[in-house]
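Each chain gets a letter, A, B, C, D, E, F, G and H, in the order it is written, and its residues are counted from 1.
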Amino acid sequence: MKELRYLRQEHLPNIWCAGCGHGTVLGSVIRAMEKSGIDQDRTVVVSGIGCSSRTVFYLNMDTIHTTHGRALAFATGIKLARPDLKVIVMAGDGDLAAIGGNHLIHAARRNIGITCICLNNGIYGMTSGQYSPLTPAGYVTTTSPHGHVERDFDLCKLVQAAGATYVARSTAYHTQQTIMYVSRALAHDGFSFVEVLSQCPTYLGRRNRMADPVTMLEWFRDTTVMAGAAARMKPEELEGKTIIGEFHRTTGVPEYSRAYREMVARVSGAEMAQAGASGANLMPVGSEPHVE
Amino acid sequence: MAPRKARAIEVNTSWCKKCGICVAFCGPEALRVNGTGMPEVVALDACTLCMLCELRCPDFAIHVVEDKEEAAARDATAAAHAG
Amino acid sequence: MPQPRLMQGNEACVEGALEAGLRFYAGYPITPSTEIAEMLADRLPKVGGVFIQMEDEIASMAAVIGASLTGLRAMTATSGPGFSLKQENIGYAAITETPCVVVNVQRVGPSTGMPTSPAQGDVMQARWGTHGDHPIVVFSPSSVLETYTLTVKAFAVADELRVPVIILTDEVTGHMRERVELPEPGTLPRGARPGSGPQGNGDRAPDIPPMTHFGEGRRKLVTGLYYDESGWWSEHPEDADRLVRRLSQKIESRREALAIVDRWYLDDADVVVLAYGCVARSALRAVRNARARGRKVGMLRPACLWPFPSHEVAAIAGRVAAIVVPEMNLGQLVGEVERVAAGRCRVTGYHRVDSELIRPDELLPVLEEV
Amino acid sequence: MSSDATEPALSAERWEATLAGEGGQGVITAGIILAEAAVLAGLNAVQTQSYGPESRGGASRAEVVISPGEIDFPKVTHADVLLAMTAEACRRYASKLKTGGLLIADPDQVPEIPSGPYRIVRVPIGRIATQELGRAIVANIVALGAVVALTNAVPVEALERAVLARVPKGTEELNREALHRGMAAGREAASGTPASS
Amino acid sequence: MPQPRLMQGNEACVEGALEAGLRFYAGYPITPSTEIAEMLADRLPKVGGVFIQMEDEIASMAAVIGASLTGLRAMTATSGPGFSLKQENIGYAAITETPCVVVNVQRVGPSTGMPTSPAQGDVMQARWGTHGDHPIVVFSPSSVLETYTLTVKAFAVADELRVPVIILTDEVTGHMRERVELPEPGTLPRGARPGSGPQGNGDRAPDIPPMTHFGEGRRKLVTGLYYDESGWWSEHPEDADRLVRRLSQKIESRREALAIVDRWYLDDADVVVLAYGCVARSALRAVRNARARGRKVGMLRPACLWPFPSHEVAAIAGRVAAIVVPEMNLGQLVGEVERVAAGRCRVTGYHRVDSELIRPDELLPVLEEV
Amino acid sequence: MKELRYLRQEHLPNIWCAGCGHGTVLGSVIRAMEKSGIDQDRTVVVSGIGCSSRTVFYLNMDTIHTTHGRALAFATGIKLARPDLKVIVMAGDGDLAAIGGNHLIHAARRNIGITCICLNNGIYGMTSGQYSPLTPAGYVTTTSPHGHVERDFDLCKLVQAAGATYVARSTAYHTQQTIMYVSRALAHDGFSFVEVLSQCPTYLGRRNRMADPVTMLEWFRDTTVMAGAAARMKPEELEGKTIIGEFHRTTGVPEYSRAYREMVARVSGAEMAQAGASGANLMPVGSEPHVE
Amino acid sequence: MSSDATEPALSAERWEATLAGEGGQGVITAGIILAEAAVLAGLNAVQTQSYGPESRGGASRAEVVISPGEIDFPKVTHADVLLAMTAEACRRYASKLKTGGLLIADPDQVPEIPSGPYRIVRVPIGRIATQELGRAIVANIVALGAVVALTNAVPVEALERAVLARVPKGTEELNREALHRGMAAGREAASGTPASS
Amino acid sequence: MAPRKARAIEVNTSWCKKCGICVAFCGPEALRVNGTGMPEVVALDACTLCMLCELRCPDFAIHVVEDKEEAAARDATAAAHAG
């Protein structure tokens, strides 16, 4: 259990409900850290607000519990200020996909070197069970008492379309895959995204005949298909299934904080050369001022 | 290669929340739920060291200790093969 | 000694920030603050710093806090609508005691309003805009030179007190170009974060915990939940009480130290004008005109609006007949003056909200009337 | 604004100019250059502006105050000079000229100049820029030349330095010419000589 | 007559809203307001209305305004952090005169704070949270029944005055369950939008333009820019002045009409407690205890915080020795009381910010001391 | 010029710069309206803030100029409240893709019946020329004076991944395509998205050797490829090209406001049947309250 | 709160209870039912609560105030009754019992009950629920039975109606039994008879 | 079918902003920029009625009027064909 060094063990047991998948995902993450030899003194883990975002309370490194939805924006500041640090975001589906959706697509678009792990339990756990953008269609939650009217949503597809250069999905049942994908994400140079389906027996499960965490894990086991296998299946066969696996992995796209530093090197070099340049004439003649 | 063996399976009772996940997915049924709701070992020998109980436990509360001698032997074998 | 030159208010803010050691700017464009971003987009890379235009103002504020937590001096600039959006994360900076500087170049509004025109409508928002009791320091410059010096000071105060500092300027002051002679670089005090490095002021301010940074191997936790003295999340009423009162007190107890006040003709004044920001310049002219006509009128100009220099205003209220507070809003700081004056003298507001700078000639009759 | 300074005499030596036109005519740039010239000449100066979202064509105005001493109120109260590049600008600001002030208008843009207790000088600024210099964009520099020639608000040498420091590289000669042509046109207009050939 | 029943504060808000004809709710979950959303998710579809959980609070506020502009009565509910995020669009509702109701169930904070505990930390934010001078009405209920009646009234006022109305409740009042006897449905005045339909009050309020709606064939323009009397965007100072002053005056001029004040033992009181929201109940008990001990203590409870009932407080200040203002914050409404009292009596705040409701026994010595 | 009836002609000329593409796009939109027989009295056009968002000042129907980035959120309220009205959003790349990105993906995800037209000039025009998420890599803007460091971004791809059921791209040069795509979008039952590249000669053009609007239109002409042709081209050939055309058009996905109304019909019907049901017992026993 | 009401006597007939335990034990539901029973019986009642983010296991508390008249302060000041379902709850609130008050504790959860100027009754609530009724989840109803049996705070008939109105359909019988078993256990415990067989 | 013909090309001089787009992309060069910067017709006959000038004008300032007789004739033809 060498990986336990990544936890603030003095603060365990954690606050999560019995059988909450978030603890399992946290376990997979620290094993991936161990595997990747993550340096606890050069890593910052950033979360938002939610049960999932409480992970940063237990990780034994620099951690920050920010405001709801904004983890990636804080992380962007940290990464740009200290590109040498490993920056990881861990947060929930509500946090990253609902209120934080814009920061997610823009972090992906910039390909900034942050590893983002979405603990997707398809519900707002912390606030007691309202629907999230990832709640399955038809499910009952406290804000969809008559069955959820919205469609199912594929977050990995969105993040990939936004420009992420590493994208994978696993579940709290598939711990070994999770460890593998998170390790690869941590090694990736660019924006890497791993969605991990996690169970919330207390709110999603209880209202949808899966009050037992074991039932929820069986649900993950029985309704997921590996990407490779899915590619060989017909659409009808995939009905109701969630595809897991590595969806996207590309290199050669410049990582943003490095690309920025390269520009800085170019510009500040030029600046040194042409010493004494004044900033006084920044406004081009004829440029009129600014509005709204 | 000799099959791997568990020397012990430790449960941290102050962290365990009795969720039952470890027991439910132990293929060889090496574990069961005891009277207090916690997992307990019923067949250490049956344990295949798949580690899934430990990997899936949301509370870092169960630890499968591999038999060191076995492990050492195995490592030696592996090293030989690798060489 | 730097040469005298014509400089824009927003440009002075940029020069002040760079002089203060700014190394990180995140923002989102909005009139009339945008020049600050634009100049920094050019200048920061040249000094090895980072400029980033984020996807919105919320993200800008978040990125600034993130960067500050690594030890960089960090800032953002905006105007009305963007200032409203930044409020939640300003509260986060306040509770986590993360130094940062937020510039609000005020324009006319609520909502989109009249984006290219000046106002002073965000004075109360600057103090109370985020939910919950929180500490904040708000500066309001009246000239281009002062925009420079207050910006340098804003960084110093933000670091020393571990608090968000708002520079509340306005379209007139921000866009005005004025002859300035900047002080010699390095001469204005730049402050330091408590306990950080040899210049840390940890000893001087026992009510402000030392600031540690990410990447220093401290494995620290930062949270917007209430926390105990070790920094760990707490739900104990005693911790809540201690934290919130300390955060508030660290500013309240420095009310006099933070006060920046200019005074004119107070000795024999019967009527005193209290004005700030761009309006202070109209007021000063009006006061001088009134003096030329033999009226015993004085003037007080606070450049630190929050904490409000109540000690000073209370003292004046006790010895004059009236205080007149002209503002480019429907009456904001005048409420605080009334509160502090507590009936010891008349307090009159004068409001203009039509997007035009208050003019000396309209103030003169007001002064003569009271 | 410093509270310990000795107080300046009221409005002593304070000189105020309003340069008004519409977006794209460069009146704000002209105002900046005028203020910069004052600073170069050792004077105090403040330049302010006003514009709408129609920087794409709407009204645009620069105000410049120059003084050897402190400038408290930064805006024009009673202008010594009004430069009117559009009829609208003329209509709006002529009445705010001080008695005895100077109104400089482009007669092609402002066919009817309201009369008042001020001196009127007509300088065909736009025509000089487009027809004589071939670049409409230098109209503001032409205008600046006229303003300074007619007021001596700042020394010519300082003005020329300010112009050259502000204009894009490669356009120095053009702008210098525009400036001098504007000055000449201003003087000609004042003396009754035709401003443009 | 509805049967007496035990009802939660947040539930009373829901019942009041439905009684007022609510047909559109957009929100984003946040403790301790979430029950309002949850109950409406169930109830609204049953009356043909719409409930939607938006992607965030900003979008919720926007959707509420959009729905209101089609003529529906619309509302959102939130707590601290969400209230901060809604501010920009609250300003939009104010300037466009779009009726809407925003519930803020206050919790402890700045930032995330202590999400499950009560506070009164957003009183000043409710008034000044968005940029620029803007009109707003803020109600603060002290009981479950009053949560119901004030919610009905909030919709009436929002519609009549075309203004956003904030219901500023708190975790205690929102989560408390209490015996209530609701008034007969249809008995509380429900108000109407000026000029809309036969019940329009267009004639009664000449300072409030008639409200027209999308889909009525009027081809109207709505904008957050300043606009002239025809509704078209304007940059004229006169239009700006007229608009902003009218918007503000439509509330200021109704200060007395909007006031809701409960009074106890004022006739002979030397000391008066001014309290609101959940704290009013602690205060009332303390006042009764003090009376039982022969102290001449009275009490005033404003249920409309903004506009503040200055007329009433000023009158009292003139005839008592002291006003005590207990609040679950570091002193917010007490500033307004000080301003209005203007030195005519002592004004003392009593603050509790540790997440616990102020208790009668801690107030008693405060009352006896002053 | 029958289509001019869709304009508030008394407020013309518009405020845009000479040669600004937004006027052209507006022209295409009113022609599409004319073609589709849009009823001016049953249509609401919603914008955010920006030069592009000023379109709503000129459209002669119910129009609303909201806050920056929030047009789709306002529009969602309008559409849900009045599903019978045609709801159209017109806004800029800054408005829809930067600050408003989250509302864009969630409106698409819900497949709500709104036609969203993005006037993409790759710049913040209204505020005088800062970079937007759609500014081409390397371009000079006032906030990328040393060349834009971020990557090119494909907004249509994002919106499609988010769930939009009609997605197309055109340019101000390709007016006939624009008219066709907008007409189809208007006829589409679900969330329809049309991105139209528009020129900002004043800020994007002037700083990037395209000060003349004609040059910018030539740029659109010369650097775009129709989707059909693009499908037959090699990646190298597509380098530096922008693909235009119809990317996605699918029916059968339920439109959100209708799906919601169907639930309402089901539930309110049930309610009528079981009259007198009380809301008092909404909270399940044992459910504890709510946090954060 | 109405200002014209005749003022009630101080604390007249005001009865206060604190039900304390941890998340999941249902003490808040118990509090709600108790207050509902009071309302059914024509009394006034207020129920408040306090809980942490650890509704997932952390401390949880309901307070109920019952009175025939107005209830101003809605929280418990000096409890007439404390129900302690955990040791932590007992430790925290026992001292706040009024002199002569009643402390009901589950001896399996609270092995050491601090003594004080109050009466202590030990009711093996959890054991009754799990062992006798086979469902841990009804512990709160058992507890409620004990509280009411020992205090007569509300009429039994009202209590039963309130319980049945709140519990999920199909569990009515179980809950009725739990209630009565709790009442019996409370009475037995008070009278010294063993509470559980 | 007879080629379509323009009867007139009207420029609304109070809306036109002289951007030059209409002129630049008129294939048959039916338009040119006049002394004031506005478009003017130089070869009405050359106009192919492609309508691109009208479609691309950002200011609704140019309007190509089709020859009505021609149009009527064309419509008749089209109707005949369709029938």
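FYI, contacts are C-beta pairs under 8 Å (C-beta built on N, C-alpha and C of every residue); 3 or more make two chains touch, one makes a residue touch a chain.
Quantities reported herein were computed from a predicted structural model and do not represent experimental measurements.
Common neighbours of chain A and chain H, by the contact definition above: F.
Contact count check for C-D and A-C (C-beta pairs in contact): higher for A-C. Here the spacing of chain D and chain G, counted between their Cα centres, is 84 Å. Centre-to-centre, using mean CA coordinates, chain A is 30 Å away from chain B. One finds 58 Å separating the Cα centroids of chain F and chain G.
Centroids of chain D and chain H (each the mean of its C-alpha atoms) stand 44 Å apart. Looking at chain C, one finds that residues 5, 29-31, 34, 38, 42, 45, 55-56, 58, 81, 88, 92, 111-112, 115-117, 175, 223-225, 235 touch two or more other chains.
Counting only residues that touch two or more partner chains, chain A has 16-17, 20, 49, 65, 67-68, 98-99, 101-102, 106, 126-128, 133, 146, 260, 263, 267, 288-292. The set of chain D residues touching two or more other chains comprises 49, 51-53, 55.
On the chain E side of its complex with chain A, the touching residues are 28-31, 34, 37-38, 41-42, 45, 51, 53, 55-57, 81, 111-112. Contact residues of chain A toward chain B in the complex are 1, 4, 7, 12-14, 16-24, 26-28, 31, 172-173, 175-176, 179, 212-214, 217. Residues of chain E touching chain F in their complex: 5, 7, 11, 14-15, 23-24, 26, 29-32, 34-35, 38-39, 42-43, 45-50, 52, 54-56, 58-60, 62-72, 74, 88-89, 92, 112, 115-116, 175, 214-215, 217-225, 232-233. Those residues of chain E that touch chain G in the shared complex are 4-6, 115-117, 142-143, 146, 172, 175-179, 262-264, 278, 280-282, 284-285, 288-289, 292, 301, 357, 359-361.
The touching residues of chain A, when paired with chain F in their complex, are 49-50, 68, 98-102, 105-106, 109-111, 126-128, 133, 146-147, 149-151, 153-154, 157-158, 160-163, 253-254, 256, 259-260, 263, 266-267, 287-292.
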